[in-house]
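Which chain is which? They are A, B and C, in the order written, and residues in each are numbered from 1.
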Amino acid sequence: MTTVAERQAAPSLSTWERVRGWVTNPWGRPRFLVLVTWGYMIWAIVPVLIAIQFSFNASRSRTTWAGFSTRWYWGDPVDSVWNDPGLRHSLEQSLKLAGADVLIATPIGVLLALGLARWRGRGSRPANFLMLFPLVTPEIVMGVSLLLVFSHVFTFVHTGTLAQILGHVTFSISYVVVIVRGRLFSIGRQYEEAAADLGASPTSALTRVLLPLLAPAIVASAAIVFAISIDDFVISQWLSSGEDTDTVPIQIYSATRGAPLPSTNAIATIMLLVTFVSILLAFLVWRVFTRGERRAAQSTAESMGAFTV
Amino acid sequence: MYRRWLWPGFALPGTLWLILLFLVPFYAVLAVAFGTVDPILQQPVPIWNPLEWNVGWMTETLSRFAPGGTFYGVAIRTIVYVVVSLALCLLIGYPVAYYISRHAGRTKNVLLILLILPFWISYLMRMLAWVNLLAPDGYVNRFLTFTHLLGEPRDWLGGAPSTVILALVYGYIPYLILPLYAALDRIDRSHLEAARDLGASPLRAFLHVTLPLSKAGILGGAVLITLPMFGDYYTPNLVSGAPATSMIGNQIDLYFHGGPQPTIGAAITVLLAAFLTVLMAYYMWTIHRATHEVRDV
Amino acid sequence: MMRHPKERPGRFDRRELLLGAVGAAAGISGGSFLAGCSSSTEPEGSSPTGTTGEALGPGGLPLARPDKRVKLPLWEDPIESGLEPESGGTFTVFNYPYYFYKKLLREFGEKYDVEVRYTAFDNIASGIQRLASGAVEPDVMEMTPDNLDRVVAGKLVKPLNLDYIPNLKKNVWPELVSPFYDVDSHYTVPYTCYATGIGWRSDHVKEDIRGMSQPWDIFWEAQAYKGKTALLSESRETIAMALLRKGITDINTEDPKLIDQAVADLKELYDVCNIKVGDSQFQTLPEGTSWLNQAWSGDPIAAYIYYLPKGTPASVLQYWKAPKGKVPVQNDNFCICSTTKKPVLSHLFLNYMLDNGVAHSNFVDFNGYQPPINEIDPGSLVKKGVVPRHLENAILTNNDFGPDSLQEMTLTSKGDQLWQDGYSDFLAAG
């Protein structure tokens, strides 16, 4: 302890000691964790940003920047996404599959969620197990099994777009169920019971009370199904009947193994944009629906983490 | 209030769908694995009746997984890649999830959004990004040689196990962090406060309170990423292409790629699924238990 | 099995359809007019199935080899001569993707007033499956000789009446007019031809590969090119290469000892150069991401015409193939499918395809893989600037085909399994 008389200059610290002191500061935030977290975020996001940047490269290189250009999107007469029939067609195919997937899987999933959450009978547990299975099945197992079933059992479905849609819906249903069910838990039965007390019929209670309350989860699950379907690679590839039914991930895969051009980056960026816009729209709709709810932030985390332990 | 058949009725379409397009296909794999092959067109001929199953192909495939067999090495390699990737994912992911759930404060929402972001970025786009970065004249080599961390540019894409593992980690880690975050987020602060009140240092509080309470989350997230990782065949193809880094999924890919023995492909698929059933069963049991705790809706 | 150079951006390792040939199997076992093959649709006891007795191919057909000519039986009579071509409606061509110039298809359609459709298969095996399962009903289809037995035994292709196809005898190399695998051209006409050799970047690979006593040895001496070498991801091509390197020229062998030795040799390559497998050499070589590849002869040409980046001189692309009798050659064909509703027009299409102008345009303006046409020879191609002089050896001539040439052909069921298992072993790197 220094007295006023004995005060001396503080010892100067080396750079290493100062950094270490900052990192291991016991009084502030755990700086080590801060470093790791932001380091992870940068590591996770920056490579994709660079890939997006190079989709606007003026030259064919994906590693050397040569200036800004939109040639890979629509400018180049042969290789741009707009002009390359293969790339453009794969974009259409991806959107087609994702759209069909959302339209089919969401209603089925919502019904299944309601049914599983409230069904008390004997069949509910096996049905519940069955619903969880696709979430934990490796995609290659699912791809192989769907391919074989369309070859030997449901042979009227050949590989191609219909098979791909059926496959996408199969793995999407479970995601819808888990998300909607999470929302269902937080809603509880109270509102429907209140409605019944006030004289509503079961149908009204369902359609005019429960469904609107479920709407945010339904929208969220639709968005997630859309994103999952657009990004799907394995199932789409195994059930593809050739270049006509190739999706964007399949194109990116083939290109990356050969000689990718920035047009590959471009089509990946377009897909990203489509996904983001759909998520944004879904989020806005969700916000509108949950305007009145106080713990909106909490339920975001809940619905996001709902399909995990 | 509602009719008794309403809820089962609601569950019917989805359940029927999953039976027809999930269970039946899986049975089809079994029927092919225990079936025969038409030698003219080299098509599998499934045998549907279990009593008539042809075990020839399955025993042949099993023998290849035994030590000394052709699949033994690739099976071990696959397990090693998955375990190492999982360890790295946990090593990186746990601190991140921990920080966001416990300490982030004002930046929590921003960090959450950043955390969820990779989900919306296609797996293949993320791999493409790395293939571009790891090219001989890509940014990684340029950065490393510029900072003299590396003497000369390294060939990252020349068939290196480390690149495959890096790609697996990069690809799958978001699917680990989010459930981990959700589990950590749910841990009640009061437990930790109690521990601190009782005199535990931050480290001990972590080791004896937080870590055990997050165990379910760790295991759940770990299972969630290892299952798909075991079936991965595209990641080695994208960043390597060398047989020396191939995984068991590549063998399934090969045998379904034409040729006289699609039954072996089916058999490998069945064995892979059986191997993963242990993990699958654990995961589903944990979820089942968790959902039953909040069962009353 | 060829990959088309213009497949954008390069399709490989595509999904293989294992469509149950439920209908086809019924058709085959019921109508198999060829004796002797126990189709293993009954449950087998212990070991994987195989054909009965002597070395026969699928459907009990004899195995054709360059020095063993086979005349395929006619399962029905060809159509009569002198009929009028059908017109109106659609005409479907079933082929690899981007393997036929669409402009030429359109012109054919305009000439005969049909709408020509082009359906692609990922690879020949999946194409045959889709055809057999009824998923597609094309008029004409591309075919490879080693799969010809299958489709004939399965009655998936129709016999030809060569009166409608005079261009065959007129324009095509004599060696391929009545080829060994289809004497008298009962079912096929040739389409393209290619060989397997070595492609490399001379700006990185400094060895004089052509001067080596055994050029295939370069892969086993490629330590300096670690991670930059690749073989074709084909079971037949890789093992055949290892056999040829040791001087074994029977690339259709079914001797397990030879195959095992070849696989063991291939496995040495992991440590030597961390060998890769793939089919994208027509892109990776010009890009420079790969320096030394096993390559088909069409690859350097396609690389030169379509994929060479600006600033990379053409002289860095080099190719070598062995002399006749040591080089694997192959040719693709076209057949008429049994599902055709326009048999006469189909014949005329095959004739159209073999027209000198059409074949030349298909090759030079689009395809990159040469047709076995008399008028198209290396000298004239070099003179026209289609091919640079140093890649002249990537063009085949009719002399490359004959009874002493090497061609990968159909194997017995057991043989197929041996080769596939060998390749699986190599790929597993266990």
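As a working rule, contacts are C-beta pairs under 8 Å (C-beta built on N, C-alpha and C of every residue); 3 or more make two chains touch, one makes a residue touch a chain.
What you are looking at is a predicted structure, and each value in this text was computed from that prediction instead of being measured.
Chain centres here are C-alpha means, and the one lying farthest from chain A is C.
The innermost chain, defined by the distance from its C-alpha mean to the mean of all protein C-alpha atoms, is B. Centroids of chain A and chain C (each the mean of its C-alpha atoms) stand 41 Å apart.
Rounded to whole angstrom units, the spacing between the C-alpha centres of chain B and chain C is 38.
With centres defined as mean CA coordinates, chain B is found 16 Å away from chain A. Residue positions of chain C touching 2 or more other chains: 13, 15, 18-20, 126, 278, 289. Taken residue by residue, chain B touches two or more other chains at 32, 44, 46, 135, 237, 241, 253, 256, whereas all remaining positions touch fewer. With touch defined as above, residues shared between interfaces to two or more other chains in chain A number as follows: 147-148, 152, 255, 257, 260, 264. Every residue of chain C that touches chain A in the complex is listed here, in rising order: 7-15, 17-20, 22, 97, 119-122, 126, 130, 133, 135, 278, 280, 283-284, 286-287, 289, 307, 309-310. Listing the residues of chain C that touch chain B in their complex gives 13, 15-16, 18-21, 24-25, 28, 32, 37, 39-51, 58-59, 123-126, 128-129, 132, 150, 153-154, 226-228, 230, 235, 270, 274-278, 289, 413, 416-417, 420-421, 423-430. Contacts from chain B toward chain A in the complex involve residues 1-3, 6-15, 17-19, 21-26, 28-29, 31-32, 44, 46, 92-93, 95-96, 98-100, 103-105, 109, 111-112, 114-133, 135, 137-139, 170, 173-174, 178-179, 181-183, 185, 202, 216-217, 219-221, 223-224, 227-228, 230-234, 237-238, 241, 249, 252-253, 256, 265-266, 269, 272-273, 276, 279-280, 283-284, 286-288, 290-291, 294, 297. Against chain B, in their complex, chain A makes its touches with residues 26, 29-30, 32-34, 36-37, 40-41, 43-45, 47-48, 50-51, 54, 62-64, 108-109, 111-112, 114-121, 123-124, 127-134, 136-142, 144-149, 152-153, 166-167, 169-170, 173, 177, 181, 184-185, 187-189, 192-193, 196, 202, 205-206, 227, 230-231, 233-234, 248-249, 252-253, 255-257, 260, 264-265, 268-269, 271-272, 275-276, 279, 297, 300-301, 304-305, 308-309.
Remark: chain B residues 32, 35-47, 52-57, 59-60, 69-74, 77, 135-136, 155, 157-160, 237, 240-246, 250-251, 253-263 touch chain C in the complex.
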